[in-house]
Amino acid sequence: MSGSPRPGAATAAPAGTGGRLTSVLANRWVRVGLALVLVALVLGAPLNMTPYAVYQMTMVAVFAVAVLGLNIVMGYTGQVSLGQSAFLGLGAYVTAYGVTHGWNLVLTFVAACALPAVIGWLVALAAARLRGLAIAMVTITLPIVGIPLARRFDEITGGSGGMTVAFLEAPSWSGLDNDQWRYYVVVLVAAAFFLLASNLLRGRIGRAFAIVRDNESVAMAMGVSPYRYKVLAFTVSALFGGCAGFLYLAGVQYVSPETLSFHTAINILAAMVIGGSATIVGSLLGGLYYVFVPFVAAQVNPNRAAMISGIILLVILFVLPGGLATLPRTVRRLRRGGSSSRAAADG
Amino acid sequence: MSALLELDDVTASYGHVQVLYGVSLAVEDGGAVGILGANGAGKTTTLRAISGMVRTGGSITFDGMSLVGLRPDQVARLGIAHVPEGRGTLGHLTVKENLLVGAYQRKNRAEIAQDVERCLDLFPNLADRISASAASLSGGEQQMLAVARGIMARPRLLLLDEASLGLAPSTAANVYGAIGRLRRESSLSMLVVEQNAALAFTLVESATVLETGRSVLSGPKEELMGKDEIRRAYLGS
Amino acid sequence: ACGRDSGGGGGGGGGGEDGGAVESSPGITEDQITFGITTPMSGPTAGPGTCTVAGVTAYMGRRNAEGGIEFGDGRTRTVEIRSYDDAYDPARAVSNFRQMINDGVFGNIQSLGTPTNLAVMPLANEQQVPQVFLTTGASQFSADPEANPYTLGFVPTYVSEGEAFGQLLVDAGEPITVAVLAQNDDFGNDYVEGLESAIEGSDVEIVARATYEPADTAVDAQITDLADSGADVFFNANSQHNLAVQSLLQAQQLGWTPRVFLPSNTSSVTDVLEPGNGGAFPGVFTTASSKDPNDPVYAEDEDVVQFQEDMAEYSSDITTTFVPHCAWSYAAGAALEEAFTMMEEPTRDSFMEAVRSIEGLDAPMLLDGVTINTTEPGVPPINEVVVTEFNGEKYVESEGY
Amino acid sequence: MATRLTLRDVSLSFGGIHVLQDVSLEAEPGTVLGLVGPNGAGKTSLFNCISGHYRPTAGSVRLDDVDALRLHPSRLAGVGLARTFQHPALQLNATVLENVLLGAHSRLPGGPVSWSLRLPATARAEREVRTDARELLERFGLGWAVSLRADELSHGLHKGVELCRAMLSRPSLLLLDEPAAGLSHGEVEQFIASIRDLRQDHDVTIVVVEHHMGVIAALTDKVVVLDHGRKLMEGTAEEARKDPRVVEAYLGVSA
Amino acid sequence: MARFVQLVVDGLATGSIYAALALAIVLVNRATGLINFAQGSMAVFSTYIAFSFVQTGLPVAVAILLAVVVSFFFGAFIERVVIRRFEGGSHDVAVVVTVGLFVLLAGISGWLWSYNHREFPSLFPLDSVPVAGAAVGLRNIGTIVTVVAVMGLLQLLFLKTKLGLALRAVSGNQTSSALSGLPVGRLLMIGWGLAAALGAIGGALVAPKLFLTPSMLDFALVYALAAAILGGLDSPVGAVVAAWFIGVAENLAGGYISFIGDDLKIAVPMALMFLILVVRPQGLFGHREVVRV
């Protein structure tokens, strides 16, 4: 957590600094080709996968969006947020409400994004005045208070038993299973949000976020109001959380107060850092991590799955302290003479 | 009189970027040597190599002992105080605490207290702000504090990295004067990186000029001051 | 007996490839049947969670070692149990359930947790995968076999436990005041609902209420408030051991010693009453239906000896300490076995039919007189709720208020 | 359109310590004002008061007609203020180019929505400032460093990057805090040359804090000397050099 | 009145649970600059060690003492083999590493001692004494007194000893500290060791009330974190005062404001805390960090 403003200890470097990457990749057509192959894979995959695998991929997209949202406020802007699960849950509840009340799906989606964003904005209006961990403190309260609130308004939320909501069934013209159809919807929305985020984070706004994270005094001198950009980051992050909530409900079809839990927030946070803080790909990798690590751990020993995921987490960070997104960079460095830079880090 | 500190063909690199390509120099016991060079020549890196802060090759010996592979705190405990470039103060501690941390390896409390007084005499600015947090000091005051902290260790060898940076002209002259006195009193040896060559030459007897990681010229200060290119690049006029 | 619209197998949850006479469902072969349990095996509910895995694993471990169980179709099969950790998170329970199907299990048994099982229930019924003998007292799982033909609970519902105790109070025929502490979720609500429905219109009156969050570390303040009411009875719908003990101790410290009701979850003599000094109260009641394996009173009991032995032999790597859930899970093993012997085809539908045809089964670890019956629709397999009272040594059938 | 900077009776104190007391000064549009004084005199603090990082306990700060104290500090960049820091504050993990681009923040149009949609106007503006940034870096001899990470540069070069960052906002008032510290004599000469060069191309008022009297003499039109938070004297560099009070408080006899 | 006193006393007792943990969080933060999410599972692990000693028949006090010593080395070991790799890097990564440790240690505890609750004997008797019409349990008093004593010791350590100064120096700037000859690595190990030892005390203190399970302190950790931050993260006194504040405010809100009720009472201290932080961003007793430009 960015407790003390140590100038040297900022978060991971932005992706793609390495410059002279393999020259093949530099070729525009190669890149376009690669991208097309990737898109084809993503779109074609569900047709040949088991329903469970399709479901897993759907959940990867869901949590990738949640992680991305957290990344915006925490990775890029440096404001520790321990409440992302609350926005996720709120988005899911709003969706559930909309679906059960027969709202138009697009309207439901907009509401599922907008309401968390508004709440995030309101919280941030107050919280962004604080510095460092005090903000974390405020965000911690969101899940803590959110859960009893969700239980109390049980006519809307279904109380502690939660709500099962069936929606987003495959239209018959598509010839798809429900799982496949939901996969496409979720992946499409997620992709759109990733594109928006990546645009936002490159250029003027992204640089403003970064300087708020690294040095608020400099930010001010550059015409960046730390307060306003923190509020913006929180709002966007909550919006992404809400969107992830909508997608979550699309995937799981069930929501309960547990969805809001602090535990989920911490897992999302871990996924963000392990994926790679302040990187777009990192958020996607974080989603993969979130979904697959418990799965892999259970394959090793179902009775000790949590413990094994703890080990996996530590091992990944041991090898790649900058997160999974730094894997290519690390591999490149290892290949180039194996000269590890241990001594420099000794200070 | 053999050399107290000896660097022989020292290389250093950050990660895979090599920065020093064979630097050699020697500091006699009780002697003072300067390092000159342009921005990015590798002056700071040379000092860091001595203190074990970068990966190094070649040989570095202090009092007959090899320093290569030691950690910074191990080097410091051998009696080498390094006043780093930039703000090397402990910002969250008070001025007084900074000085005490400087004296961490020393045991004699009375002597330490005495030295604190001496430092405060030397830097009256610090005396005024003795219980203020170091981070609130002005740039120059922080620089003074960093030097004072180095002195508090009562080292055998003092590594100064642009100690005059940000000091007002008169203060800089005073500080260098005081360090010179200290040196005479306690047979302190030193290695001095300094952009203000005129100032450095008030302290050192000889100097080395670095250029892109290599020592390209070294000799007694009179000899160096005589050379045209040195005058032009480092002394002016 | 079981009202189920097993008309068309068209939905095709498990499409068997080979075209034999009877298509067997996934998860069952000539000599093996595989079940999955999604349950919390990490986090705060991991204690009871691991127990739900351990009990049935121990039971089936013994049977497997004896060569397996003879099924109704004449074949002898061993039983494999797979566990899936959901950490009490419904999303992970759903994911686990889908994984189970993917892994080809025959059905989902035993899972602990109301929200987790609720999240799975629609999927299970859509996919026509058995989800039975669930370790939760929420009434939804057994209430509507028409709507959820593949789902069945196991232990008595929380409502019925609360009701039984309420009835006991009403039967006393005198005005009684009750102070209620309830966990703020379905668990607590159901107990209170049962109590309320039983005492409606009687002289028994609830005079103080408090709730706590499962995450709370203390309930002292709530007890202070309840004690203020000076009620005759303290109805403690509490699923957390530490809080149950705390509430007993705090009540004593405040000099409030009413009669106490404890739910089956947290009424163990050794784990709750002893540390909580339950002897200080004029009466401690519970509706526990299983024997407490930790209680020295049962040390010689045949069931318990066998249970201890099997647990040590077959599930010591899962848990070495026991709560009632271990016993329930073990008893559920017996219920499964009973269903297997009645299952004439290696299909899920046949299994469900068998599951819903158990009558008067005397399962091990259940208190004497408590039996398993699945033929009555709308109630869980263990539905007899007997209020017992602590006699200073163990629970015995209560003689009334 | 260089800015006129006017300070009237600016005072600043921190819990009893008077850092600045009734400092008034004026920088004419397009001139270079030197600010000198011993360590701890309050020079940086004065900059902080102008840029809004500190809030003066009394007095007024005006940039042309704008009352700087009434604006939020982050708005000042919008009215043409830019500054560097005594202790360079770069984003060490970002490239030099990214660091410099930050300076363009107040110049670039568009809010979060137009940037996340990459509207053509934003894309065009972004390309433009990238070109400008590279040009600036070239001009200050840092063209080779564009894609290096800032922490790979030696300390002395950070000052240059900071200067480019400040210049990219096209300021009309530029505050430079010890820009020549850590430069060797030869490099100082180059620095002086590039600032002169800059003044020709850009109409900008500059206030510079510097302990290097050569720089002060070469660049400034007027000098204000601070001591213990008070204005000691005001005049040309030459006058300051000769003023006995300044010699005593600041320069020292030997200088 | 009696009710009020009782609620306050109960709140202090609950707050002391948070305080016990918060003190260890403050210690780690002050000594290494990190937030340690694993503090809860470390304390639980230590308590299990004490529990194992108790099971071998040792007296409780001796068992706890032994566990404190073992924990010290255990904490130092964790720093050396796990945390060391991440020092000097991004804080976020280090924090997530502690999250990983948290999961791992809880898993190990569950594996070794299983997940069901264990009864842990208390050092203090069960009796209670009347105070202003309220009944105050001796256990609660014992907890509160111990917490205060530990707080005092920590305060002394940091402000009056050379070790404390060295720990603080290292947590702020490792490079500079090393250049002054401070054995950075060893100091960090000591910091973690002390925190783990403190965890053992805290765990043993609250275990009789909470019952020993691997997740005994999971929820308390959240409030302990809140308390540490509200207190100022670098102030032991602040952490304890804030923890008590949370416990008491929560009880009074639940007891006197009916629409808030037991379910939402925790929102009250959280909201108040927020207001306090807006006024004093450095926390109740924290030092305002001077950020100079």
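Per-chain numbering from 1; labels A, B, C, D and E assigned in written order.
Assume a residue touches a chain if its C-beta (ideal position, glycine included) is under 8 Å from a C-beta of that chain, and two chains touch if they have at least 3 such contacts.
A quick note: this is a predicted structure, and the numbers were derived from the prediction, not measured.
**Q** Provide the labels of all chains in contact with chain A and in contact with chain C.
**A** Looking at chain C and chain A together, the chains touching each of them are E.
**Q** Of the pairs A-E and B-D, which shows more C-beta pairs in contact?
**A** A-E
**Q** So the centre of each chain is just the mean of its C-alpha atoms; given that, what is the distance between chain B and chain C in Å?
**A** 73
**Q** So how far apart, in whole Å, are chain A and chain D when each is placed at the average of its C-alpha atoms?
**A** 39
**Q** Go ahead and note the Å separation of the Cα centroids belonging to chain C and chain E.
**A** Once rounded, the distance between the two centres reads 36 Å.
**Q** Enumerate the residues of chain D that touch no fewer than two other chains.
**A** Where chain D meets two or more other chains at a single residue, that happens at 44, 53, 85-86, 89.
**Q** I need the residues of chain C touching at least two other chains; which ones are they?
**A** 41-43, 50, 184, 213
**Q** Out of chain A, which residues touch more than one other chain, so two or more?
**A** 4, 8, 10-12, 148, 151, 217-218, 221, 306-307, 347
**Q** Please output the residues of chain B touching chain D within their complex, sorted ascending.
**A** Against chain D, the touching part of chain B is residues 14, 17, 36-41, 44, 85-87, 125, 136-141, 143-144, 162, 165-174, 195, 197, 232-236.
**Q** Looking at the complex, which residues from chain A come into contact with chain E?
**A** Against chain E, chain A makes touches at 1-6, 8-12, 74-75, 80, 126-127, 129-131, 133-134, 136-138, 140-141, 144-145, 148-149, 151-152, 216-218, 221, 262, 266, 269-270, 273-274, 277, 304, 306-311, 313-314, 317-318, 321-323, 345, 347.
**Q** Which residues of chain D touch chain A once you look at their complex with the stated criterion?
**A** 51-53, 72-78, 82-83, 85, 89, 91-95, 98, 101-106, 108, 110-112, 115-118, 122, 126, 147, 149, 151, 165, 169
**Q** Could you please specify the touching residues of chain D with respect to chain B in the complex?
**A** For chain D paired with chain B, touching residues are 14, 37-40, 44-45, 86-87, 152-157, 178, 181-187, 211, 213-214, 249-255.
**Q** Name, in rising order, each residue of chain A that touches chain C in their complex.
**A** Residue list for chain A touching chain C: 50-53, 55-56, 59, 147-148, 151, 159-162, 164, 166, 248, 252-259, 261, 263-264, 291, 294-295, 298, 302-303, 305-307.
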